[in-house]
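Following this message is one structure expressed as structure tokens.
Chain naming follows the written order as A, B, C and D, and within any one chain the residues start at number 1.
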Amino acid sequence: MNNIRKLTYEILEIGNKQHMLGRVIDIFLIALISLNVLFVILETLPSISADNHLWFHRFEVFSVLVFTLEYIARVWSAVEDDERNHHQPFWGRIRYMLTPMALIDLIVILPFYLSMVITGIDLRFMRVLRLLRVFKLTRYSSSMSLLLQVLHRESRSISAALFVLFMLIIVASSLIYFAEHKAQPDVFSSIPAAMWWSIVTMTTVGYGDVIPITAMGKIMASIISIMSLGIVALPAGLLASGFSEALRQRRRTYEKMVNLAIQDGV
Amino acid sequence: MNNIRKLTYEILEIGNKQHMLGRVIDIFLIALISLNVLFVILETLPSISADNHLWFHRFEVFSVLVFTLEYIARVWSAVEDDERNHHQPFWGRIRYMLTPMALIDLIVILPFYLSMVITGIDLRFMRVLRLLRVFKLTRYSSSMSLLLQVLHRESRSISAALFVLFMLIIVASSLIYFAEHKAQPDVFSSIPAAMWWSIVTMTTVGYGDVIPITAMGKIMASIISIMSLGIVALPAGLLASGFSEALRQRRRTYEKMVNLAIQDGV
Amino acid sequence: MNNIRKLTYEILEIGNKQHMLGRVIDIFLIALISLNVLFVILETLPSISADNHLWFHRFEVFSVLVFTLEYIARVWSAVEDDERNHHQPFWGRIRYMLTPMALIDLIVILPFYLSMVITGIDLRFMRVLRLLRVFKLTRYSSSMSLLLQVLHRESRSISAALFVLFMLIIVASSLIYFAEHKAQPDVFSSIPAAMWWSIVTMTTVGYGDVIPITAMGKIMASIISIMSLGIVALPAGLLASGFSEALRQRRRTYEKMVNLAIQDGV
Amino acid sequence: MNNIRKLTYEILEIGNKQHMLGRVIDIFLIALISLNVLFVILETLPSISADNHLWFHRFEVFSVLVFTLEYIARVWSAVEDDERNHHQPFWGRIRYMLTPMALIDLIVILPFYLSMVITGIDLRFMRVLRLLRVFKLTRYSSSMSLLLQVLHRESRSISAALFVLFMLIIVASSLIYFAEHKAQPDVFSSIPAAMWWSIVTMTTVGYGDVIPITAMGKIMASIISIMSLGIVALPAGLLASGFSEALRQRRRTYEKMVNLAIQDGV
């Protein structure tokens, strides 16, 4: 029994490249998650959804069953992890269940079972929860986990840049509100409404649904959009340089490992 | 008396981490400033403003009282600062009152008292002055002061990039004016009007309220928007690299201080 | 005969700078390709196309003849390349014909001959194939081949950034769909329809044809556009830094070669 | 006489900081150029232009006189420059007159004299020539000349990036033309017309005047706008890094000069 549990753990969590079965299961799960995301998206197309309602439902039941089995297998074999205590079958598993990845695994299957017990849950809300399955891919994507690492490491400087951006948004919204409120009382009805304009302008999206028309408003908008060029580049620049730095570091680590392996071989 | 003044100075200005009271007051003031900003924003929402007029007024009175006390305490205890001369109680305080942060502290409370004496001040102008309270947060935000440092240090290169941008805006506005004035005399009525188009295009906001329609105008707009990609990236790039450089420097300084502290401990 | 083949190979493939004829042919081919691209573009202008139909056709026949001759000459002389086996006239040429550049050379002349045999091919599809001739310029553009190199070398990190971007697009589309579907059932009719909005917003193009109107949709759009500032900068930053790194490397290699040549001369 | 010529040369060209008169003349000329630019801009405002026609004309005559005097003085004293041969009063001056800065000096005054001889010159064209006076500021702006230096030094890599951008614009325009021509024959009437869409989209300006409406067109637009994020960042990134590199270099050169001056002083 313990051998099977060890094997389950190795196949599911370690991503052991020697295990042929581990790779097959990984590919199967990635394909299933991708199909799930694709199907939630396609289901919103009336032309496709109408005729294939039954098939969508069957696929959903199948997916939930697989994800439930996967979840049970992961929780059951979690105690094989040396970092979680071996000899604490109950608390070790509870601790595993509280990790972010395990919580996502639970959240994406729970609604299905809840909808059987409780009736009248909003279908659209159910779909949002089903789409969260896309985050199950994080486990298999090294780039996603790298980005999360970078966000964690650079969190101080990025939040500093975001704070500056936030203050500029407040000041910009207030200024444009006081400049345009009289000329366009419907569009710039309040500072929160003016914030929509500020964000659309400062991110340079510029839909054109809300535009200053007074001379004063246009002068302010000009100054704000030129200033925001620099402010908005701050978080983007910090994230990009952090990401490329982390990629370079990982490559170096990988090369070092290869070199060590070669030396050991000698 | 002098002991109390010294304590007041330490609590308010130094941000001493040992003083429990200093931290409590800091958090209280940050919360009060944030609430002030939030309330000025919310007051512009008719649905909220209508019913809670009295509460907004009471909060305003309370805030001004606290900020006034804070201002008096800061000015009174300013002579404790060694950089400002101890033995010059009057001129030392005057010099403190002329620092940017102290001026902001004064400006955000003054209108309240003025409105009691003089009647008929524009309410909307009063609100702008009240929103300036957001800048009181600068004292507590290391990222904001870091940005100001970077702006100061890189001011020469950033103003150089802005001058180039400014010349390109003038040339672009003139060219588009001469190309489009005949076809759209209302929209491109003058070069200042064409400047609005230039800035909206060159910052890539692109609202779409003013668009060239002649072939010549479109060719010019194409060249201008491709050229501006490079010119507009200059100030943004300089600011971003300056900011991330300053962040790295501060981190190194901090590490050095920690190392010194460890060595001293030994 | 073999001497002529060797000469043909040197003139066409090596771009030998000593050969006066090689340079003349290069310039002639670059001009012909550029004219071809220009003419396909001009042919879509009704005012030009109507009167000059015959000239366009004559130029097309002439171009195809030249490109056919070029193609035959390249295939015939391909065996001169030491990397492809000299002594295998048939398989060496087949292998050459399967290289990307040779395939492009074939694809851009084939439709002309096919249209003689088969009637009723869509004219517009023919034009797309003719426009592919622009890619024949890649052979002569060191910057284009440099970019392809950078894309190849940085493919892992760029695809990592694109994967993150792709996940953000899916999540953003779903969120905005659930927020706006009820208010604007025609515009945000499905998640694929909402993807158009996501991409237009996240790349900061912001046409303004699809805009959230509910408060919830606007809040989500604000968060998405601020987040995308950082995520979208990732692939751009990686490509730009990779490209400038490759340019610097090439300059260094070139300088080294010059130095070696000088030392050899001594 | 020669002493006066030498003095004129030093005052006008060298920008000698010891000469009080040189600095006064510099400031006067910068102010006059700036006022000229401002007045050409203001003259296009009907409300201002109508009442002050006479004043605008007087200022124009005065400016042209000053610029003519400046031009004559510069040409006359040009032979003092050691690089241009002292002893060749005629050819030395001709060579000076053919430098870019001297040509600009001539072009901005010539139209005024021409309009006296020839009647019926287009007034709008005259204004464009008058606005060229803004380029006279280049002489006094170190940032502008620095940018020109960077453009010159990085010209190879920037033109490489522009070539890639140019090819992407052609391919993008053709693809969107073939996808959208049938659905919107008026808007995407030809490939040149589709180029307007390509440039507006790829620079992320996104006016929204031309938008794909077919599913195929939207898919292509999505791919193009994501691809262009990277391609468009290339020239901007190269220019920005070149500019900041040049700024750093200049600062180092300046520091070295200061150090040398200090050592000499010792």
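Everything below uses one rule, namely that a contact is a pair of C-beta atoms (placed from the backbone, for glycine too) under 8 Å apart; a residue touches a chain by one contact, two chains touch by 3 or more.
None of the values given here were measured: they were computed from a predicted structure.
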Co-neighbours of chain B and chain D resolve to A, C
Find the chain most remote from chain D, comparing centres computed as mean CA coordinates.
-> A
For copies chain C and chain D, work out whether under half or over half of the interface numbers are shared, and give different or same accordingly.
-> different
For chain A and chain C, let me know how many angstrom lie between their CA-based centres, rounded off.
-> 32
When centres are defined as mean Cα positions, the distance from chain A to chain D in whole Å is 46
In chain A, what residues contact two or more other chains?
-> 204-208, 232, 236-237, 241
Hey, which residues of chain C end up touching chain D in the complex?
-> 37, 40-42, 44-46, 124-125, 127-128, 131, 134, 137, 141-144, 146-147, 158, 162, 165, 195-196, 199-200, 203-209, 232, 235-237, 239-241, 243-244, 247
In the complex of these two chains, what residues of chain B are touching chain C?
-> 204-208
For chain A, which residues count as touching chain B in their complex?
-> 157, 159-161, 163-164, 167, 170-171, 173-175, 177-178, 181, 189-192, 201, 204-208, 211, 218, 222, 225-226, 228-234, 236-238, 241
